[in-house]
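You will see chain A twice below: alongside chain B first, and alongside chain C after that.
Let's look at the complex of A and B:
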């Protein structure tokens, strides 16, 4: 018990205590300085009618859907493509994974340059191949800003999922493929009949990671656009921080965090329940 | 991995190599572009974004280092990461040892409670944590990042260390106990040397997380002298948003050492991450 005490104490003080305090503050009007006043469900009622907050969930769902494509699916494709013992592949896997170790803020600042209207890599490439008309201020217009944040997120994290799927691919017994080849299965058939079913459990874990991570998404949004242009990239985390620290509405901000926590927990639990029913062992 | 006596590649393998190569190079190119752009003048960056610098201006890096106070940022980041990671891995190893090798009331319950931390997103307590740290007079000190930083990595670290303990049979510990060693001696002289590889993996993974942490660092530190690199970089790029070469230089200084370190430790990083999602 003594051995578990330091960890439990630290965890209780800096995770559980603020979590409990959040639940209390969520029911108060509080500017963070004077004494909190009891508010009942007023903050929650306001949250449900706060158009920006509701839209932030639409944005984050779009973001999560995009990460499932740009991160998980693309990572899986790259794992298959980079799965070779030939010379050069090890280096390519290392390079593909490299963005994962960078900070989101560094990735965000770098990609603001890549997407810069005048001097960015993307627009310069378009201009140099004669498609200069297509050049756009990608992060400054509402129609493209969110999509490009999703693409940057994909650039940053596809390597993470690639590594997980790659390790899983290596665990599939080779003789399964040999048997399939003898039966006349082609590459695509081998992929759908052997590879995908064998990776099922990894896919479930990866989707869970992408969904819970997506809801908590903050760093990239804050660094690249901080909700701009015109709120087109506002996600729950950025909006919550603005409410609490720019508007001094601690009570309301905390209520929003409670809503976010409940949503994430419910989705995770439901997802794990559903995947369990599919006869899959939980990780 | 590759052997000298490889048989020749067939067309499909060349296609695979080519496709993978193009994708990887296109994706890695922004990092290379960042490095050589940091040696260009602003005028060069505007006139020819793709071109290599006509002369390599090392003074850009020196200027960014001085103007951005990158030395202070680096020092703060190293200090926070070092203390938080050591604390987290040590506490987590002890807890995992207790959860798998010792019998005490509330053992299961404690572990269950800890697992809450696995699914909880940090923004969900950020505000309450801010007011709590303010009341504890810890804001604007390194401890505002160290203590929460370590606490938020605990759930995941204990989870993996426990799995590692379970994968090792407790024979050695039991033998030591029969020889009359006390629990403390067993932990330090038997268990820790056995789980050392897993501890190193957790050090690497936690270092990446704590080093890159942005949200807490943004909220809990408002004093420039205490800031860490991620926030410092964002603020620097905001102040100097029109001075492209300066921001490129700051980016290069803050990311290239990390990338080099990663390429050296690549095996450990990847092995660690793989273990995370597979078990």
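Let's look at the complex of A and C:
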């Protein structure tokens, strides 16, 4: 007990105390400047009817769905295609993985420049090849802003999932493929009958990572659009920051954080249950 | 010899150390990150430190948005509070006083004729520098928070002149849009740039009582008068006045776009002048005009939107006497001449006559002095969440996302859900 005391003290100071304070402030009207006023459940009632906050969860679901396509599926495809010892494949894997090491904020700023309406690389290219009519304010239109964030996220993280799948592919015994080939199985049949079943646990882990990562999404949304246009790319974290700091409604912002914590906790519990049932490696 | 040298060195070090220890550090936080005004401020600080070697001014500088969102509040709550902090007049000063962060400057202002050195207008009830008759904000600049800057060369190319009425203004935008220009660039990612302008437009259309009541949440926004105000923005949208990426663009990139001739007009505040040196090419010719009258019968038809920005001494400042000494130096005539020549409108009496003001600053001063009233920006006068919600409703209208009516319905619903602020 004595040996654990320093760690427990740190835990209490930096986790339990702020957590307790947060719960308290969630029940107050507080602008951060003046003294907090007791609000009862008013902030929570407002949170549950706040259309932007509720919509931000819809955006997260869309983002997760896109993550599964642009990151997990594409990562799997690239892992399969680049699963070779031939010359140049190692370099290609390295290139595909490179965006993963870039910070999320830097990637967001970089792509914001690329997608800029007036001077961005994408629109400049379109204009230079005579397709100027196709140039759009990609990050200023509700129809395209979220999609482009998902695409950038895919560019950033597909390499991460590729590495997970690539490591798993290397563990599949070669003789399984040799036996299948002797039995006349083609490439697609080998993929569906051997590769996919052998990767099942990795696929489940990647899906769960994508889901939990989706709720933690912030950096890319903040740097690329800051929730704009008109909340079309708002996710819970960006909305909380706006309420707490831009609008000096810290009490309400903290209440939103509590709601988000509950939602993410429920998802985490579901994740644990699924991983126990499927005997999946926990991350 | 060596012993004597060692002794002399030790004595010198001791003296230096003593001098360093004796120096008082005044912590001064603000959001003037660059441009001519920052150069002027740094020069004034250098002059002050030269005249007062026992005082060092430590500047803690944040980007404007970062300062107002997180920078200031974090410092005010910290154990090491700033001795002096930058603030906007009006609601923010009142909030600082109520929260116990602002030092009552009554006594300091009464000595050396400090208070009288400022223009009388900064001490009026509506100026927002005082609370309960006591001065808390030391005025540093008069800010025109929105005027319409335009590119003189492009105006000349299209034979255009500053409009005298709102209808002329809409027609001018139409002409420019049809000629393939981007008439107006707005960087509205943070909502306030267009929001300030929309606040002014609404104040020029809506009866004053109804305007105030709505922002105080005592009456709805969804009225024919507010609808008329937002419909003016809808009208601009319909003639293609605004840049397509308005909601994705930040305030600073929008200003850069104007200086790079990416748009013909840019509605923003007087601080644009001090950024000219950094952002505009040599020979870039620009000027400004006020939002044209909309309803000539309205008492605020010829008003401007503006505020006072200044400095507050923290109530728990470690060195209030030194902080006040510095602020007196900063607002002295000699310092203010430097400040005004950097493109700022000084609130100190007589400075405008003595400083070599550039053409833009002179024009803005003339505009302010000839105005029928000064409308404060909504986020300086009323609770920030209410102002921000209004700004968003204005953005809905200006970008064509919602009709004026729907934007106002959305605004009232949002405020109802928010509760009284």
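Criterion: the second predicted complex is superposed on the first by the 237 of 283 C-alpha atoms of A that agree within 3 Å, B and C clash if a C-alpha of one lies under 4 Å from a C-alpha of the other, contacts with A are read in each partner's own complex, and residues count from 1 in each chain.
Everything that follows uses one rule, which is that contacts are C-beta pairs under 8 Å (C-beta built on N, C-alpha and C of every residue); 3 or more make two chains touch, one makes a residue touch a chain.
Everything numeric in this text was worked out from a predicted model, so none of it was measured.
By the touch criterion stated above, A:137 is placed in contact with chain C alone, chain B being left untouched. In the overlay built on the shared chain, the residue A:34 is in contact with chain C alone; chain B does not reach it. Look at A:50: by the touch rule set out above, it reaches chain C but stays clear of chain B. Within the superposed three-chain model, A:18 lies in touch with chain B and out of touch with chain C [touch as defined at top]. Residue contacts after overlaying the shared chain place A:118 against chain B and chain C alike.
In the superposition on chain A, the chain among chain B and chain C reaching more residues of chain A is B.
Contacts of A:148 after superposition on the shared chain: neither chain B nor chain C is touched. In the superposed model, A:157 lies in contact with neither chain B nor chain C. Of the two partner chains placed by superposition, A:70 touches none, neither chain B nor chain C. In the superposition on chain A, A:245 makes contact with both chain B and chain C. For the contact definition in use here, the residues of chain A common to its chain B contact set and its chain C contact set are 32, 118, 245.
If you check the complex, the residues on chain A that touch chain B are 1-4, 6-8, 10-11, 13-19, 21-22, 25, 32, 78, 81-82, 84-90, 92, 94-106, 108-114, 118-121, 124, 128, 155, 160, 163-164, 167-168, 202, 205-206, 209, 212, 215-216, 218-219, 222-223, 236-237, 240-241, 244-245, 250, 253-254, 257-258, 260-261, 264-265, 268, 283.
By the touch criterion stated above, chain A contacts chain C in their complex at residues 31-35, 42, 46, 49-50, 116-118, 136-137, 139-140, 142, 145, 225-226, 228-230, 245-249. On chain C, the positions that touch chain A within their shared complex are 69-70, 73, 76-77, 95-96, 98-99, 101, 189-190, 243-249, 257, 262, 384-385, 388, 392, 395-396, 399, 401, 417-419. In the complex of the two chains, the chain B residues touching chain A come out as 1-3, 6, 9, 13, 16-17, 19-21, 23-24, 27-31, 33-34, 37, 45-46, 49-50, 87, 91-92, 94-95, 97-99, 102, 104-107, 110, 113-114, 116-117, 119-132, 147-148, 150-152, 154-155, 158, 183, 187, 208, 211-212, 214-215, 218-219, 229-231, 233-234, 237, 244, 247-248, 251, 254-255, 258-259, 262-263, 266, 269-270, 273-274, 277-279.
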